[in-house]
């Protein structure tokens, strides 16, 4: 399946999807509310992108971008990058953990590192960091991040105790 | 001579000439207690060192080699350390049972020493139901383990203790059947009788294949009964950290540790007595001159040699095999060992009745 | 049929176990297979790889001269801020000012021995030494000044 | 810092339905590191496993945002420390792809050999640790004897035994040691002789087989859905070898088979790894006599700057597919970097496949998933 055919197919599902071919793989950017239907459609015939090999989030200071790297185990040549921009102040997006089970852990990681709320996630709790109650004990950390929230991988995160600026 | 054959008799005669019979008996008791405690400590030291050395050799290592020549004082140093360590008792533990458990385990191990014949005429108590006594007392050690597991108030300990309970109760059966084969052949429960019956050859060689099978079953069953690898589910350090003695430290832990090794010694001693003739030298039928030569080797050496050989085999198991899973363990007993040992006992009975054995 | 399977099960199981015991038994009886290295005792014969990255040193020649120009390339290359170079200005015989190092501070406790400073150095002033016995009782002893007192830069190194 | 009891559940109380809740880890002999599993038990049977991570989370992703493209490579050795060389290769490949640096043939071949040696070393360690999880101590020492030869080769050539940092963008940091070829050949010879020992001690052993066969069965569908890669997925019949799918370095010119088993149980995962070691030996044998002469590092600028854009590089580590995702804003440091570590996805399947089995099976399952905790936590 060529990039053109993929683009054509995707336009039939989501007409407003934006394509970007500058990178190694075809990148599709969709609205955050369009992500779930898009992901569902990609997982099914004829694309069968059944392997989500990377799920992450990028903080662009103005907005957050969820990035999903997909491939098909039946046809490993096709790789797609699915992107969805989410609001930085109140980031919410539909979970894809029902489609790809691996997303469950990766979304939990993104949740605690970037503060993205995944709707309908089966078990959205902190996986790597301590529970939020435990974090609050550390007053100095809290005072810095009170307004911003405790999301370490965001660009404006500050940790005066553990981060050493070189 | 190294032989201990006449020591007991000389001592008793000497005591009786000096003291009244009651007094002599009391003194004998004290001597026996002191001797058995010394034996315990010594065995603990020797066996732990032996285990470490055997493990090291199998694992292409050197083993302990820093304390004393070739590391022979390593275990003594370890013991010193364990004695000086604080014996912690967890807050929520049942303190009485927690502290009692190691002593129960230890006591059971000590009681088992009584009917063992270490050499010709060198036996603490030649009770006429010796074998029965051994199998009944040895099953008591499970109480100590359950006590330790329950009283620790630790789930690892509890799981370990429960596993151990199931295991010891099951494997008691095939160990018992293996012992019974010899009882059937000998017609006596008394240890001295059993040894005497092997004067013209050990049962392992006299009793055809069924006794060999019984011997193998006995080794497997006692390995399980003493919670040794590959049956060390009660401790299973990769699953339950340390099983029933997770919470023990210092000397209380050392007692468990010691009891494990004493138990190995005892079951191996019994195995040696039943199947390999105890202190009886290697005699072959009517080869009078050969038997005579063999008699020159002291009986105590024969006994110790056989026992330590069996101990070595059990250690060899430990450092070769992976651990069984708890349900496989019970499968092995109830599906394989028990049917085989039942059938085997039947065979032995037929052999004994028909007089086919040598 | 059942009995046959049962017996073959037992025989196969036991033989697989005996196979393993044969292997361990072989090692038990062959002491030449032992591979233990008795470390502090074999110091004399211990041969370390010549490339082993142990610590950063600055070689000095017999005139107490090194080749470090104080260009701070290593300081910039270091990912953890292990190296700190303090420079000073020497007066050359011609009366010119010349930049030279005052102190090459190397903090071994922060070093990950990644070799990036060595590759970054344009004048081969520092190198890795195959030395791994770094333990000291006081952490401050791990902060070292690599240039020897009174040392100066070799002639002709810019 | 914070209240420990908040995180570590009180083990003296029973669960809501009278189940036992036990903490396996953070300090536990079978977790090989600081993995913390809260396991809900019904007797000996596992009802639920809940991993708690982060005990050695160093936030490598955040750290890399402040390191230059030359510097950040060394940090990746600390992720999956058993395949540190492969991690370094992945970073170098990504930068080379982004900057279109020509890598000399010699560097490519040496990298491939070192990668395969690393893979063998990792699997060797895994066999030992796995056997130890199942209660057999001795194979550990035998496996380490061979692994020691590999670390010696690494020490000779790279100057370190575990965290080598020998790969730089464009090639190698310095040329291989003159003894490299003879030493690798000696290792290959010894390995071929000694690998039968594992067969005798572990593979054929009836206890080992009964412990692993049919335990922790992972179907191909679940393996895909959970994003499993590496030997874990290949044991379930999923073809996922990055060396075949997207060949890098010299993998496109060597012959080797992708080992695939179909049963998906712990024994299959074990067999896949053992066979993979043999395949690695095959690759090494093909390359070791054919190391081309020439430069060992390509021409690079002193300061590397990736163009604005996104880059993704996948390599096959000993544990599976390692993905590095870099968002570059054109600076000397990455804007955002994400490591898709194989262990993280492989761990997520643990609850699914170990549920309903015994505690002993959990150790077999966890052992064959081959979890390296720094790789999971990052």
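Order of writing sets the chain letters: A, B, C and D. Residues in each chain are counted from 1.
In this text, contacts are C-beta pairs under 8 Å (C-beta built on N, C-alpha and C of every residue); 3 or more make two chains touch, one makes a residue touch a chain.
Keep in mind it's a predicted model, so treat the numbers as computed, not measured.
Path length between subunit A and subunit B in the chain contact graph, taken as the least number of steps between touching chains: 2.
Set against one another, A-D and B-C show the most C-beta pairs in contact at A-D.
Note on chain placement: the centre of subunit A and the centre of subunit D lie 25 Å apart, centres being C-alpha means.
Note on chain placement: the centre of subunit B and the centre of subunit C lie 51 Å apart, centres being C-alpha means. Taking each chain's centre as the average of its CA atoms, subunit A and subunit C sit 41 Å apart. A straight line joining the Cα centres of subunit B and subunit D is 45 Å long.
In subunit B, 58-61, 319-321 are the positions where the chain touches two or more neighbouring chains simultaneously. With touch defined as above, residues shared between interfaces to two or more other chains in subunit D number as follows: 138, 145, 201, 205, 207.
Residues of subunit C found to touch two or more other chains are 17, 20, 23-24, 35. The touching residues of subunit C, when paired with subunit D in their complex, are 12-13, 16-17, 19-20, 22-24, 35, 48-49, 51-53, 77-79, 112-116, 119, 128.
Contacts from subunit D toward subunit A in the complex involve residues 1-3, 6-7, 51-54, 57, 59, 61-62, 66, 97, 222, 224-229, 238-240, 245, 309-312, 314, 321, 323, 325, 327, 335-336, 338, 340, 344-345, 347-348, 352, 377. Across the complex, subunit D meets subunit C through its residues 67, 70-72, 74-75, 138, 145, 148, 152, 155-160, 163, 165, 168, 173-174, 177, 197, 200-201, 204-207.
Against subunit B, the residues of subunit D that register as touching in their complex are 11-12, 20-22, 28-30, 44, 131-138, 140-142, 145, 201-202, 205, 207-208, 210-211, 358-363. Per the touch definition, subunit A reaches subunit D in the complex via residues 22-25, 27, 50-54, 56, 58-59, 67, 69, 73, 76, 81, 100-102, 104-106, 109, 127-131, 133-135, 137-138, 152-153, 157, 166.
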